[in-house]
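Each of the two complexes below includes chain A, the first together with chain B, the second together with chain C.
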Partner chain A sequence: MVKKRLYLELENCIGCRSCLAACTQCGGHEQRNRNYVYDVNPLVNRQTMPLMCLHCVNPACARSCPAQAIQIHETGAVLSALVEKCIGCQNCTIACPYGIPKFDTEQNLMYKCDLCIDRTKDGIPPMCASVCPSNTLQWLTDEEIEAKQKQFNLDNGKWVTSMPYLEGETNVRVNLPGILQGVTKLF
Partner chain B sequence: MQATNKMQMNSASTKKSTINDAFASKFAKSMFLTVLGIAVLMFIGTRMFTHIDLNLYGYMVGTIVFLGGFFYRFIAWGERPPTKIILKKGLKLVFSKRTAKTAVSHLAIYDFIKKRGFYRWMQHVLIGWGCILACLVTFPLVFSWMYFTMDDNGYYTVVVMGMDLLEIKADGIIAWFSYNALNISAIMVIAGVCMALYRRAKNMQARAEQKFIYDLMPLYLLLFISITGLLLTIQNVFLHGWMQPQMSLIHQFSVILTLIYLPFGKLAHIPFRPMSVLARNYREHYGEQNMKACKVCGDHFVSVEQSNDVIHVLGVNHIEFNMEDGFNLAELCLPCRRKYRISRFSGVPTHQVKVKEANQNARG
Partner chain C sequence: MQEVNVKGPRDKFFKEIENVRHPNETLVKTHCSYCGMQCGMNLRVNTKTNKIIGVEPRYDWPVTVGKMCPKGVTAYQQTNHPDRILKPLIRDDASLKGTQQGFREASWDEAYDLIAKKFIELQEQYGKDTLSVFSGVSMTNEKCYLTGKFARVALGTRYIDYNGRFCMSSAAGGFLRSFGVDRGSTLPWTDIHETDCLFIAGSNTAECHPTSMFRVWNVQERGGYIIVADPRETPIARRADVHLDLRPGTDLALANGIVNLLIQNGYVDEVFVSSHTNGFEETKELVKEFTPEYTSQITGVAPEKIIRAAEIYGMAPNAVVMFARGIEQQHKGVDNVSGYTNMALVTGKIGRPKSGVATFTGQGNGQGGREHGQKSDLLPGYRKITNPKHVQEVCQVWGITPEEMPQPGVSAYEMFELMEQKTIRGLYLLCSNPAVSAPNQNFVRKALKGLDFMVCSDFYLSESAEFADVILPSVTWSEDEGTVTNIEGRIIKINKAQEPLGESKPDWQIQAELAEYLGRGKYFSHLKTARDVADEFRLASKGGYADYYGATWDKIEKQDGVFWPCRDENDPGTPHMFLDKKFYHPDGKAKICALPYRPPAEEPDVEYPLRLTTGRVVYHYLSGNQTRRIQFLRDMCPEPYVEVHPETAAKYMIEHEEYVRLYTRRGEAEYKVKITEAIRKDTVFVPYHFGHDKSINLLTIAALDPISRMPEFKACAAQIEKLDRTEVQ
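== the complex of A and B ==
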């Protein structure tokens, strides 16, 4: 099985929030979405961007968890809290550099993106990437991501896939080709 | 983008010589003291070893092996920086007024599991309380902290820790519950485990992440214990004790196997869940003392203590999120932190725009 990654081209986002709806439908998600879509400059324009767990290589959330409730899957996915282990201290929500983990006070339980592990462990794309209509969220091999890099021909050194533009090395790759090239979006 | 990953050196604290120096490791010390404690309690409970039930010898050995695994696993775990902080600060607050209320809600009636669903709650009450009841009966018998003697008058004397606690009528209601406590607990556990197995077979939510060794094995082990235990009674009552010695060995084997598995698999949550009470105390206590105001919007979102502790723990792991804008990411409330990330992606100061985040819940 070829290893694929979640790849984000943030500026393609049209704000339809399909990814949020799809997230609720993943097995193990108990009908609740674990991702976000933000207005970039709400009083000025309609640009939106999705925000997901980037599945850090050295995840702050897991390092800060006193219960070892956040496990790292062999695929690199940083899993949601184990339901019998999470003691509800909320360290992980404070530790994550992107504010990703959500906390349910009543259930005393943290839940976060697990990259739809029951799908991605078998090579099936995560729900969000499966439904995204604007190619903001894609499920690609490393070669395909490299090809993107060539396609956008960013010789200004501004290929934002990971370090040093993020807080740390991540398994998810992020890109903003248009904004970095100074190209205006057509839609 | 300018996150720096600096090493944070912990200055070695000056060492005082303590009782700890007498042992090669914390492991040896905990093991020694616990076994010693059990031996002393046995000595008292058995009126100087005159009342040991050697049929239960296997359980005794099993318990000692379990303690080995338990200390091995939990000492390593307690040394992790975030665990250490909650343990230390939580234990200091353990005598606060809150503890009793939180402990009952978290450890006895599992309120929070009910919020995850009535079925899941019912299932856990049956399994959890079934097991606790069984342990409350079994272990005092194994270590002879409790036993029964009978005089000719039709009354049992219950002896607890070497003292005659009470006399009960051999065919009375208390006696009936005592004989049947283990049968009742077995039926509770079987019912609860069947509910769990059914849920794991039918419910896609439960199936998504389950693994055999982690999720199913503990259920089969509990089922194995309960069924062999019940069979013992059936053999006794209906089959005149046919094959009972053999079944008794199988039953002991199942209990010992489970005890050995316990510190390593899913059941490890049992000895360690009381931590949730410590964590709640920690959050409530420091939350009342001093709340952290978000460096962007000023909202109070966590205690100053916890924010600092998390920054410290991440530092020990060589993770540091100090931003050029003069704050650590752990000092921003969650919506501001997410907006700040968007602003770093887009170059637009999203976190400065005074508009509440759009609804992020797909179900409204």
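== the complex of A and C ==
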């Protein structure tokens, strides 16, 4: 099985929040969505961007967990808290630099994106990337991602669109807004 | 290999992906219930309860490759929704009309008896044409076809029309005039991302047809161009190469201005124009006046943007002109369609792959539903009811004489006028919610309330059902099967995933059974299954130009859909129109139309200085009768709002999220203010998916297009009053 990753191209987001709707439909997600879509400039324009768990290689959420409730799957996916281990301390929600883990106060339990592990462990794309109408979220091989980043690689002092990682190394790859700045027009 | 050939080429977005299969579940391949994209989806069905429990992407559908918008993802939640009507409902106290009160459950037998008795009484007293049928196109071709037959054969009335008059009728009128044929897209959607320029007018594509977007963005990723004409900076306009931010209702001037530049700057395909079109010289003469400066005066778009847009479209090796309700829902909607279509005709960018013209079909079956006899003047196969030969052909299938065929009726909005005048006293409403979607609601609701007898078929108690005497529980799309014609003109198959909930029935069955009670059973009694209706429908369309005869369900399955026309068993269908450069006018030529500009019916003035325009949001569909009941969608967009530019807001001293009174000459409503720079300063926008006192159609104008009879939803004059409060009262 060729390894594939979640890849984000933020420029494409149209704010439909289909990824959030689809998140509730993954069998293991108890109908709760686990990611975010933000209005970038709410009173100005309609730019939006998804904020998905980036599945860090050395995840702060897991490191901060005193109960080892956050496991890392062999695919690299950083899983949601184990129900039997999570003590509800919310360290992870503070530790995550992207603010990803959500907290269920009723169940005293953290929950987060597990990259639809039931799907991705078999190479099936996660629900968000499956449905994303604008190709903001894609499920790609490393080769495909490399080709994308070559195509959009741009650091002209004004735009930086492709960076290896936003902060620490992540399994999810991101292209920031501005990719079109590097495209050569056909005519 | 054989398989791939039969199904046609797969594009680069297509990937072989297995679906997840959970234990005790089966997947039913079908399409979404909502817009014209008709995204492929699998419904997850529990094999123990035989109930629909979820959705799984349909990666193998070539048009949308698994993608769905939030409406599509949650569409399955309609089927077993607690709001479903499970038994026929009768209301004995007519004074409660216009409310949800007074309905009691009844048997089908009692409901049919009552309807037949009332309908026959009314017709005996006031004549056949006192009854009317108001239908919709969010249902299968089979249902649309049978509704036309039911009106003409079972009821014998001339008055049938449908909600496409508020949706696609201007596109139909424009295409018929320009091409002589009305197929919404001249090319398959798998061409869209391969073109070099998309010129998109009056389409909020990212919100209304979201699953087109991965193809749209790919045009830019390849170095192509996107040009968008829209009064609002919609998500697609935000990223466009040129955003033509025109005043609502001024599209024809913009189209003429661009056609003028294309002609002046040498982008005309002389050979194409002289061999395959009429009307060029006349049009050239007319558009001369529309210099960039003059066009700018009318439209409010900067001249250099108009010049650049024309240059890009003119230079593009391949280009597609696309439009939607923004240009069509005007009292010159047909002219707007022909006006923008002129761009493709003068440059010859049509009748070949990757170039053409397309309208974004609004309703699921907006294309098929308008072709087969629900329109006041049409019969199956796009035949005309005024053409004796066409009438003869259909009569043969229906088993009636041409003398029995009713005359043409009137358009949707005009039916409400006839109700108000008591020419029409009875109504059978199905698959539509005009008490939200029609313009000038105060008038329309009064007309509905004044009816002697009204039957409504729906699966939820819609705002329109509140005016009914009898409500018949119909099924959702997932409880019946049949065909739908998508945005491309591709006939596809909707499959049944669950048995009808409660005592609900599909509308074709309701009509066949009701015909029996009306004493017209012999024309319908052979229709026992949806496939029976399909077989009769294909035959009835045979020989018409929207010929579906060869589009059998088996062929649809094998080929991933069939593009009409498809005339016989061996015809694979027609993905690209006009490849032979033959158009459907008698002389085989297309018509370049010389179209004088006229302003919107109601222009702003001192009393009403703002331009009001309406549209959709991504979370809701049409009148919202379905989507407002889905939790996720309601959470995302619970109520309408009015979009106002910050400078305009400052003038009225209103702030973000405060409530204001918005009013026009026809009505008023209160809305929460949404401040955004992504709209013109002279324009306000309100989404139309909401009912009762929140309906923006209380304010809209019923100025109708002379050809399509489309009301001008997209432009009227309005005023804002500050209320000084942040809560609804």
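Here is the rule we use: the second predicted complex is superposed on the first by the 166 of 187 C-alpha atoms of A that agree within 3 Å, B and C clash if a C-alpha of one lies under 4 Å from a C-alpha of the other, contacts with A are read in each partner's own complex, and residues count from 1 in each chain.
Just so it is clear, a contact is a pair of C-beta atoms (placed from the backbone, for glycine too) under 8 Å apart; a residue touches a chain by one contact, two chains touch by 3 or more.
Not measured: the values here are computed from a predicted model.
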| item | value |
| --- | --- |
| Which superposed partner A:Leu43 touches (first chain B, second chain C, both, neither) | both |
| Chain B versus chain C as contact partner of A:Asn58, first or second or both or neither | first |
| Touched partner set for A:Glu84, first chain B, second chain C, both or neither | first |
| Which superposed partner A:Ile117 touches (first chain B, second chain C, both, neither) | first |
| Which superposed partner A:Ile14 touches (first chain B, second chain C, both, neither) | second |
| First, second, both or neither for A:Ala147, with chain B first and chain C second | neither |
| Which of chain B and chain C A:Gln68 touches, first, second, both or neither | first |
| First, second, both or neither for A:Gly27, with chain B first and chain C second | both |
| Which partner reaches more residues of chain A (counting touched residues only), chain B or chain C | B |
| On chain A, the residue positions that both chain B and chain C contact, one per complex | 11, 17, 20-21, 24, 27, 42-43, 47, 118, 179 |
| Chain B partner contacts - residues on chain A that touch it in the complex | 10-11, 17, 20-21, 23-24, 26-33, 36-43, 47, 49, 51, 58, 60, 63-68, 79, 83-85, 87-91, 93-100, 104, 106-109, 114, 117-118, 160, 164-168, 174, 176, 179 |
| Residues of chain B that touch chain A when the two form their complex | 1-3, 5, 77, 80, 82-83, 85-87, 106, 112-113, 115-116, 204-209, 266, 269, 272-273, 275-276, 279-280, 282-283, 302, 306-307, 309-310, 313-314, 317-319, 321, 329-330, 332, 334-339, 341-342, 344-348, 350, 353, 355, 357-358, 360-363 |
| Touching residues on chain A, where the partner in the complex is chain C | 11-12, 14-18, 20-22, 24-25, 27, 42-48, 118-119, 122, 124-125, 127, 130-135, 151, 179-180, 183-187 |
| Touching residues on chain C, where the partner in the complex is chain A | 17-20, 22, 54-57, 59, 66-70, 72-74, 196, 206-207, 210-214, 217-218, 220-225, 233-236, 238-239, 315-317, 618-619, 632, 636, 646, 656, 675-678 |
